[in-house]
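Before any comments, here is the structure.
Chain IDs A, B, C, D, E and F follow the sequence of writing; residue 1 opens each chain.
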Amino acid sequence: MDDYQAGIEILRKMLGTERAEAVVERFKSLSPAFEKEAVSVVFGRTWSRSTIDLKTRSLCSIGILASLGRLNALKINFTLAMENGASLEEIVEALLQVAIYAGYPAALDALVLLDETVKSSRKEP
Amino acid sequence: MDDYQAGIEILRKMLGTERAEAVVERFKSLSPAFEKEAVSVVFGRTWSRSTIDLKTRSLCSIGILASLGRLNALKINFTLAMENGASLEEIVEALLQVAIYAGYPAALDALVLLDETVKSSRKEP
Amino acid sequence: MDDYQAGIEILRKMLGTERAEAVVERFKSLSPAFEKEAVSVVFGRTWSRSTIDLKTRSLCSIGILASLGRLNALKINFTLAMENGASLEEIVEALLQVAIYAGYPAALDALVLLDETVKSSRKEP
Amino acid sequence: MDDYQAGIEILRKMLGTERAEAVVERFKSLSPAFEKEAVSVVFGRTWSRSTIDLKTRSLCSIGILASLGRLNALKINFTLAMENGASLEEIVEALLQVAIYAGYPAALDALVLLDETVKSSRKEP
Amino acid sequence: MDDYQAGIEILRKMLGTERAEAVVERFKSLSPAFEKEAVSVVFGRTWSRSTIDLKTRSLCSIGILASLGRLNALKINFTLAMENGASLEEIVEALLQVAIYAGYPAALDALVLLDETVKSSRKEP
Amino acid sequence: MDDYQAGIEILRKMLGTERAEAVVERFKSLSPAFEKEAVSVVFGRTWSRSTIDLKTRSLCSIGILASLGRLNALKINFTLAMENGASLEEIVEALLQVAIYAGYPAALDALVLLDETVKSSRKEP
């Protein structure tokens, strides 16, 4: 199995077929070259690794992305984290670690986005 | 127990009395005002929280600090992570997550520091 | 007086009771745990310190937040700065210092937000 | 010719008179002091330099701005890059270099903005 | 008086002729083109402005540079701040504002550098 | 040819066999897992792409890495840029673009490192 196929597999495992497809289609509509790289490298080569479990990997990812203020990927990672078994309380707890190490404003920006993400996902049937 | 005392407690629990003391004295020599705030807020109010365990908190912290390139705190956190039960492999794994989300160069800078930290700790009796 | 109460006090002193309440409620709606930490640490432990006056503290804060692109906290700090006696000219002057030290684009992003903040505050009765 | 006038010249050369004017007016509406500095320093003193050609300068600029997440200047620079002879494929290629060196999420945020910029420019007559 | 000359003037006013010269020579040895731009833009066009006084400008600058971890310029700015009338206590106070808004580790890195700067300046006759 | 092998090829093409080996060995000594990912993704999948030439890719990379302050990768990229045909003047020119878009202090930190890199390479036989 090549990197791209491995990326599709792990995305489906974490998000279900339908939402995995939506992420891939969104990337492809922005740039097919980026989509190929992101699926192969981010998901196929890296998220599919072992050593740390998916939930821990998710909480680390949220810490990284909130610190850097990368909002599109952070939004996807809030969903990934919840699908990987992290509770809202655990996500907030990771953001409190962001507060001391990257500043309270980085945590605030992330919490505003988390709030929007949770509210919009509740509206879905 | 006030925040400062709680900070000293959790530092001792994680690092042992001697090394906890060394961190506190280092901070105090730089600035007593900073030492009071860092011990009380970073350790007393935040590291002593529950919801996520110390090892997960450590791996998140490494992700945040490596992404931002904060080298002094990252060095302390490599030691904290190992004391909190993270293996070298797990720390490297968190840094591979840094590679995709903050760039491979952020992971490289962190790995250079990790290498120095591990080597200097081996020289201690 | 504990840190949280000190935070509420300084917020009220700077913003007036009503707007202080609005900030606290906004934080609480995002996460009660974050609200407790932000009020206690950011406002209670730090903004209530002396040594530098509130206006200087505000201009420093704007410099920090504009450099890092933390938009939610920057918006609150534009209001805080004006309440702490900074004129629009002085805020812009701090942003020109941001321009040389963090790049002109960081100042531009901040000025776009400042413009929105000033315009929306004028619409209030 | 002074720095400001040189800035206006290079802006007109790259964007045409009408769009150059629009950028200058936008800056002026935010802050006349900022407009004077940005036109004189960014465009007059720097963009008008030689040694590297305008297209290469544009691709470097996109790399810098995408890495730092400076969205207002990045949007202007997508237009500048296309006017300076960069194809969409070359811009995406610069963003793939951003992906490995600043993280795939930095490239994603930039691609979302590029998509909006291209779509809104197509709507213009 | 042109921008470059204005830059030399303000540098001399803040640092005295000898240390101003040392900064300029250091920049020139790295790159004459950079030296010309830095002296003209950073010092001639920006530091020589009024609206906020030199001490406030210094404390803002320290906030910006500590947040971004720009160590060479931060070191120069610690000296500038002290020459512009800021006490060590006021500099530390600005760094406590950095702690809450950019994270305690950003303040720690800056304090380590401040400590080195103060110690090396004491060794001078 | 797989990604890893493609990475070794492009590294050898750009740096010559001996120096390519030195980079790979350095990465391997820090972490074999990181070395495999960095060679495969950074060099094999990305640097070996076409659309923009190696010199332009180098100047973009320097812009990105100087903006983020990633010093270990920046040092390698100064060497890569010179091997890919960029003159010192062109590298400095890219750093002047960094000055306006990421701040003059980011360019200063990079120039200090460039100076060290050039000096240490001259000492080699």
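Throughout what follows, a residue touches a chain if its C-beta (ideal position, glycine included) is under 8 Å from a C-beta of that chain, and two chains touch if they have at least 3 such contacts.
This structure is a prediction, so every number in the text was calculated from the model and none was measured.
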| item | value |
| --- | --- |
| Neighbouring chains common to chain C and chain E, by label | A, B, D, F |
| Copies chain B and chain F - rotation angle from C-alpha fit, nearest 5 degrees | 120 |
| Type of chain A:chain D copy interface by residue overlap (half), same or different | different |
| Mean-CA-position distance for chain B and chain A (Å) | 24 |
| CA centroid of chain C to CA centroid of chain D, Å | 30 |
| Chain C-chain F separation of Cα centroids, rounded to whole Å | 39 |
| Residue list for chain F, restricted to those that touch at least two other chains | 37, 41-42, 46, 65, 68-70, 73, 93, 96, 99-106 |
| Interfacial residue positions of chain A with respect to chain F in the complex | 3, 37, 40-41, 45-46 |
| Of chain A, residues touching chain C in the complex | 69, 92-93, 95-96, 99, 103-109, 111-112, 114-115 |
| Residue ranges of chain E in contact with chain C within the complex | 41-42, 46, 49, 51-52, 56-57, 59-65, 67-68, 70, 73, 89-90, 92-94, 96-102 |
| Of chain D, residues touching chain B in the complex | 100-106 |
| In the complex with chain B, residue positions of chain F that touch it | 27, 29-31, 33-34, 37-38, 41-42, 65, 68-74 |
